[in-house]
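All chains are identified by letter, namely A, B, C, D, E and F, in their written order; residue positions are counted from 1 within each chain.
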Amino acid sequence: MARFDGRKYNELRPLIITPDVNRFAEGSVLIEQGNTKVYCTCSFEDRVPPHRKGTGLGWVTAEYAMLPRANRERSQRDISKLKLQGRSAEIQRLIGRSLRAVVDMELMGETCLTIDCDVLQGDGGTRCASITGGFVAMALACRRLTEQRVFKKNPIKDYVCALSTGIITLDGRDQAVVDICYEEDSTALADCNLVMTGDGRFVEIQGTGEGRPYSADELINIIRVTQPCLEKVIEAQKAIITL
Amino acid sequence: MARFDGRKYNELRPLIITPDVNRFAEGSVLIEQGNTKVYCTCSFEDRVPPHRKGTGLGWVTAEYAMLPRANRERSQRDISKLKLQGRSAEIQRLIGRSLRAVVDMELMGETCLTIDCDVLQGDGGTRCASITGGFVAMALACRRLTEQRVFKKNPIKDYVCALSTGIITLDGRDQAVVDICYEEDSTALADCNLVMTGDGRFVEIQGTGEGRPYSADELINIIRVTQPCLEKVIEAQKAIITL
Amino acid sequence: MARFDGRKYNELRPLIITPDVNRFAEGSVLIEQGNTKVYCTCSFEDRVPPHRKGTGLGWVTAEYAMLPRANRERSQRDISKLKLQGRSAEIQRLIGRSLRAVVDMELMGETCLTIDCDVLQGDGGTRCASITGGFVAMALACRRLTEQRVFKKNPIKDYVCALSTGIITLDGRDQAVVDICYEEDSTALADCNLVMTGDGRFVEIQGTGEGRPYSADELINIIRVTQPCLEKVIEAQKAIITL
Amino acid sequence: MARFDGRKYNELRPLIITPDVNRFAEGSVLIEQGNTKVYCTCSFEDRVPPHRKGTGLGWVTAEYAMLPRANRERSQRDISKLKLQGRSAEIQRLIGRSLRAVVDMELMGETCLTIDCDVLQGDGGTRCASITGGFVAMALACRRLTEQRVFKKNPIKDYVCALSTGIITLDGRDQAVVDICYEEDSTALADCNLVMTGDGRFVEIQGTGEGRPYSADELINIIRVTQPCLEKVIEAQKAIITL
Amino acid sequence: MARFDGRKYNELRPLIITPDVNRFAEGSVLIEQGNTKVYCTCSFEDRVPPHRKGTGLGWVTAEYAMLPRANRERSQRDISKLKLQGRSAEIQRLIGRSLRAVVDMELMGETCLTIDCDVLQGDGGTRCASITGGFVAMALACRRLTEQRVFKKNPIKDYVCALSTGIITLDGRDQAVVDICYEEDSTALADCNLVMTGDGRFVEIQGTGEGRPYSADELINIIRVTQPCLEKVIEAQKAIITL
Amino acid sequence: MARFDGRKYNELRPLIITPDVNRFAEGSVLIEQGNTKVYCTCSFEDRVPPHRKGTGLGWVTAEYAMLPRANRERSQRDISKLKLQGRSAEIQRLIGRSLRAVVDMELMGETCLTIDCDVLQGDGGTRCASITGGFVAMALACRRLTEQRVFKKNPIKDYVCALSTGIITLDGRDQAVVDICYEEDSTALADCNLVMTGDGRFVEIQGTGEGRPYSADELINIIRVTQPCLEKVIEAQKAIITL
C-alpha cells in the first residue's frame, strides 16, 4: 500500500522556492512544499535587542504566523484573542534557533535580522518549510548586505534546512515516511522534525510520540531515512543561492 | 510634467486579479494593483455574531492587516504590541461596510462571511485594492455556496470596487489624479477614497485634506474624474466573475 | 411630514458650548447639541511623539471615548475588554485629522496638544460634536498658551467644525436633513459627516450608504444643504472664541 | 492658623448633588464636593454575574475611572496601557462593598446594578464623593425600578456616605481635619476614609499612615470628629432622595 | 462554644517563619500561619521607578499573587485572563504601603526593593501573612546589603506586621476573634486588617462590615484585642531578625 | 577533570520528591533536583475544553511558570508584560504532551486534569523536573480520584520522566553528561531533553545544538548514556507511587 498521496516513503513533495517575492525586504522567498505555502521575508535593522547591546554581536530572530484562512477552518487572528498562540511561540523559537546556528554573530556586528514566516496555506510541515525558506531569504539578504558593504564579510556559515518525518502504519507495518502532509500528520504514531546543516550535522531534533512512544531504534531509523532527503532539500536551496 | 510613474491623470496602474489562490477558502484572490499586493480570502461560517442572532439575517465582516514587511520599513506585528493599529481598525470597518452594501442579508440566512485582506506588499491604495479584491473573493465564495445549495439564491446584489484619487500639484497646477501610488500619496494635498457599485452609485466616500482643505468644487471634480475609472475596475472584476 | 423632532430639514439642534468646565486643562468645553453632550479638554505637553522628534514641528492628537452609560444600553468599558472599540479608533483618527488641518505645526514647535472628547450622553452626531467642541477647547488652550508666551504666535489658522447630514425618507421622498439625531441616524438611508473650515472648504468628508448607495448628485446636494448650516456652527464657536 | 482653604477642622467643602444628569441611566447624579466633580450613573441589567446564578440573589458592582484630564497633569487612559490602574481597582472595590452593604440582595432577585463613577475633575476625596454620589444614583434607580414594578419592594435598606479625614500639622499641632482637599491630602501625616450608614455605623474604614504611623487614640479621635460630619452628608443625600 | 479550630478569641495560629528559602534572593522567607503559606522574596535593583528619578530617594514595592491551586478550587492564572485580579491589585498596594512605612528612603539612595509574596496555600489572612513575612524578607535583605556596603546604613526603621481580626457570633454573642482562618472569614460579620509597627502604632487599618455595619465601639474593641497579639507576631519576627 | 559540581558524567543530582505539599490539590509534590525546585499540583475539573466536548474523552493540560525570583536576576511577572513568555509557552506544551502520552483518555471520561508547575528556584533542568514531578502529582491525583470512584479505573498507563543531557567539553573532549545544572547548561555545546516512559521508550526528544551542530552519532550516544539514568528517575517516582 502506498502513502496517502502515492509517494514513496522517502519521496519529497514538489518543492518550489521563488526568490525576491517582496520588493522591500532585504531578502524574500515564497516556498511551496506540496500544498504548504510560506511567505518568508528577511528584514535588516541597524540595532540589536537589549541582551546584545555592547557585546559587538548581532542577533537573528524569527516570527511565525498563519494567515486566518491558512487552514481548513478559519482561525481567529492572534490580535483578536490578544494572545500569541502557544504553538506559534514554540515554532518561532525553533526557527530562530535553527537560523542562528548557521550565522556568525561577530561578522554581523551589532545588527539584527528578523525573518518573518507567514503561512499562506498550510498542509503539514509548515515549521520545516519556514526554516528551509527562511534560510534562503536570510542568505539572499546577507549576500545583498555584503555586496552593499553593510557586512564586511558574509556572516552565513552554512546551509540549514528541515524536514518532518513521521511513523505511519502502512500495510500493517509501522514505517518512517518523510515530508509528511497534513493527512499523514494527523494519523502519525510519532513524528520528528529534523533540522540539518550543510555538513550533515543537526542543530535541532524534535521527536514527539503522539500516538505511542517510540523506541531508540525507531528514532535512529528516522534519522537514517531523513538525512539523504535533507540533502536534497539543500540542493534546492543551492539552486537559488550558493554560499 | 507627467505623474511620478509616467501615467496620465486618469490612468490606472496595471490591475491583475488572480482567483482561487487558496485551496481551503470558499473564495480567494490575489489582487495586484501596481506594486500593491493583497491576499484576499472569503470564509463561510454557519453562525452569526450576537447582534444578528434570531433576526434571520446574515452578516459580512472584514479584517485587514499588513504583513510585517509589506512596507519600506518592517513594522511590528499587532500582537507584539497587543493592539490592533488604529489605521487597520479604520480600514477594516470601511471594507466591511462597503461589502455589506452589495449583499442581501436575508438571502444569507443566519450565516457569516469573513473577508480577510492581508497586504503582502503595500504601495498605496491598499484599502481600495482590498475592497476590489475582497469583493471578487466574496463573489466567488457566494457562487460556490449557491452551487452547493448552502445559499438558495446568490445573495450578491451588485459589484462594488474602490479607487483612491488624490489632488497633486503637477506643472504648478493642483490636479486630480486617480489610483495614486505611495509616492503620490505622501505628497498629495488631499485624497479621496471612492467606493462605487455596479450601477454607478456610491456606498462610501472618504475625502481627507491632509495638505490643505479642498473646496466643494474640487470634491465634485474628483468624483467626475474617478467615476469612469471605477467602471474600468468593475470590468476587471467581471473578467473573473459575472453576476 | 416633519422630522422626528419637528425640525426643518436644515435646522440645527440647540447648540450650547460652555467654556472652561475644567480647572486643570489648558482649554475645555462642554458641548451640548440637542441631547448629545461631550466633555472636551485640551492638554498641553512639552514633548512630541517619536515621529516628530527633531523635526521642529508640533503634533495634535485626539482621543474619543464614551462613558459606559452614554447610550440607551450600558456598554462595557474598553479596559474591561482590553480593546479600544474599532468605532472609537475610527472616530478619534477623524477628530485628530480635522483639528490638525487648522493648526500651524511650525508655530507649535516640538510640543503636543491632546484633545480628549468624552461623551457623557450620546444622541447622534457625537463625532461631529467632538470636532466642533474639541476645536473650541483647543483654541482656548492656544490663546492661553500664547498669552503665557509658551507659543510665540497663536498656531490656530482657522476655525473647523462638523455636522452630520443624512438622507431620510420624509413624505415618501428621500431628503437630505442636517444634524441628525440618533433616531434619524438609525433609519437614514445614507449619512455624511462634513468637516469644514472657516473659509468654507473641507478637511474631511465621510459619506456612507448604509441603507442604499447614493448618487453623485445626492452627495453634491448634501454638501449644498449642509454648508450654510456649518457656517452657523462656526458662528456658535465665534461666540466663545474669536481668532 | 487656618486650613489651606480657610475651613475649620470640621467644616465640609460645599457639597452639591445634581440628580438626573443622564437621560438614559436608571439613576444618575453629578456630585461636586469643592472642586471634586464625579459623574455617577446607575445602570440596571436583568442578569447576574456567574457567582450569583441560581442563588435568587442580586448583585451590585461599581466601576471607577478618572477622565484623562481630571488631574493637574493629563494621565494616559487605561486602555492605552492595557491595564486598569491598581489605584482604580482598589477604589472600585471599596465603592462596591460600601454600596452592597445597604442593599437587600434578596429583594433584587437575580438582577444587577452597576454604578459607574467617572471623575471629571479631582481635588481630593474622589473615592468618598463616588460613594456618596453613587449611593444617590443607586437610590434614584431603585425608586424608579420599584415604581415600575421591576422590584416588588425597594431593596435599599439605609443611606451610606463617606468622608476622608486627615491628620494635618496646623499651628505646630497634629490635628484631625475632615473632607481634605488635594493640597491637604498631599501633606497629611495620615488619612482615613470612613464609610458610614444612616444608623451611624460603619461599613468601611481605611486608615493609612503615609507620613508616620498613628496611634489607636488618634484613630479614635478621627472617628469622633468625622461622625457628625458624615451625618451632614446624609442630610445632603436626603435633600435629593428619602427612603 | 469555642472557635472553629478550638482556639481562644485572642489565640494566634501556629506561626512558623523559615528564613533563606531561596538562594538567589537578597532576602527570603516561607511564612506559615496555620494552613496559610506564603513564599516571600526580596529583590534588590540598582534603579528606581520614574517618579523617584533624581530625588535621591529609594522605593519599596510589593507584588502579590496566588498560585493557581492555592485555594479550594483552582483559579485561572492572571496571564490567562490578561488581567491582574482586582483583589491582588488591592492587596499588593496594601503590602507596599505597609512596608514603605518602616523604611528610610533617603538611606536607600536611588535603589529599589521588590517584595514578591506568592501564596502557595491560602487559608485566610494571606495579606497579613504577606506583610509579616515580607517584612522579614526585606529586613534580611537590608541586613545583607548593609553588610555588603550597598547601603551605608540599614534603612529599616522599625518592625511591621499585620493580623486580621473578625467579629464572629460565638455562643449567640458577637465577639472579636484574632487571626481568623478561611472558615471564620467566610462567616464573619465584619473583619479588620491591622498593620502595626514595633512602637505599637498603626500604618494601616482596613475594616469592612461585610455581614453588617459595625459601631465605633466595636472597632475600638477590635483594636484593643488585636494589639497585644500583634506584639506576639513581632516577637516571632525578632526570633529571625533583630534590628 | 571533573564536572562543575564534581559529579560523574552519568551521575544525577540529589533528587527529592515530597508528596502532598498542598492540602487542596488532588495531587501535589515538591520536586528538588539539586538546586532546582518545582512546586507541582494536579487539579481535577469535571469538564473538558471545547475540542473534547462530546467525544467521551478526557484531557490533560499543563501550565508552567517561574516565580519572579526563581533566577539569579528577578524577572517581571508575565502579567506585568501582558504576555506569556515564549519560553514558558514552549515548555508547558512539552509538559502537556509528555503527560498525555501516559494517560488513557477514555478512562478519564469527559474530565480534565491540569498540572501546574511553578518553579520556586531554577538551576537548570526545570522543564524536565516539571515532567518528572508533574507525573507524580498527576498519579497521586489519579489514585485518589480512582479510590473516590470519580474514575472507574485508574487512567495512568505508565510512568513518564525526563532528563536533560548536554555535550560539554571536559579535559579537551566533548562528552555527554546527564542532568546538567545551570552552569553546565550555559556552556554546553548542545543539549537534549529526553522524555521516557516506564517501558524504556520515548515520548519526546528535543535536541538543540546551541554551540555547534551535533552529529547523528552524538545524538545516539546521548540516548545511550541517558537511558539508564532515566530508569533511576523512575525508581525515585516509584518510591512515592507505584502503578
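Structure notes:
What we mean here is this: a residue touches a chain if its C-beta (ideal position, glycine included) is under 8 Å from a C-beta of that chain, and two chains touch if they have at least 3 such contacts.
Nothing here was measured: the structure is a model prediction, and the numbers come from that model.
For B-C, the equivalent interface within E-F, D-E or C-D is the one where over half of the contact pairs agree by residue number, namely D-E. Annotation: 51 Å between the Cα-based centres of chain B and chain D.
Work out the mean CA point of chain A and of chain B, and you get 33 Å between them. Centres computed as Cα averages put chain B at a distance of 59 Å from chain E. Touching of two or more other chains is recorded for residues 82-84 of chain D. Because contacts link each chain to exactly two others and close back on themselves, their graph is best described as a ring. The sequence of chains round the contact ring, opened at chain A and continued through chain F, runs A, F, E, D, C, B.
Across the complex, chain A meets chain B through its residues 21-25, 28, 35, 39, 41, 43, 45, 63, 65, 67-72, 74, 77-79, 82-84, 114, 116, 118, 120-121. Those residues of chain E that touch chain D in the shared complex are 82-84, 86-87, 89-90, 92-93, 97, 101, 192, 196-197, 199-210, 212-216, 219-220, 223-224, 227.
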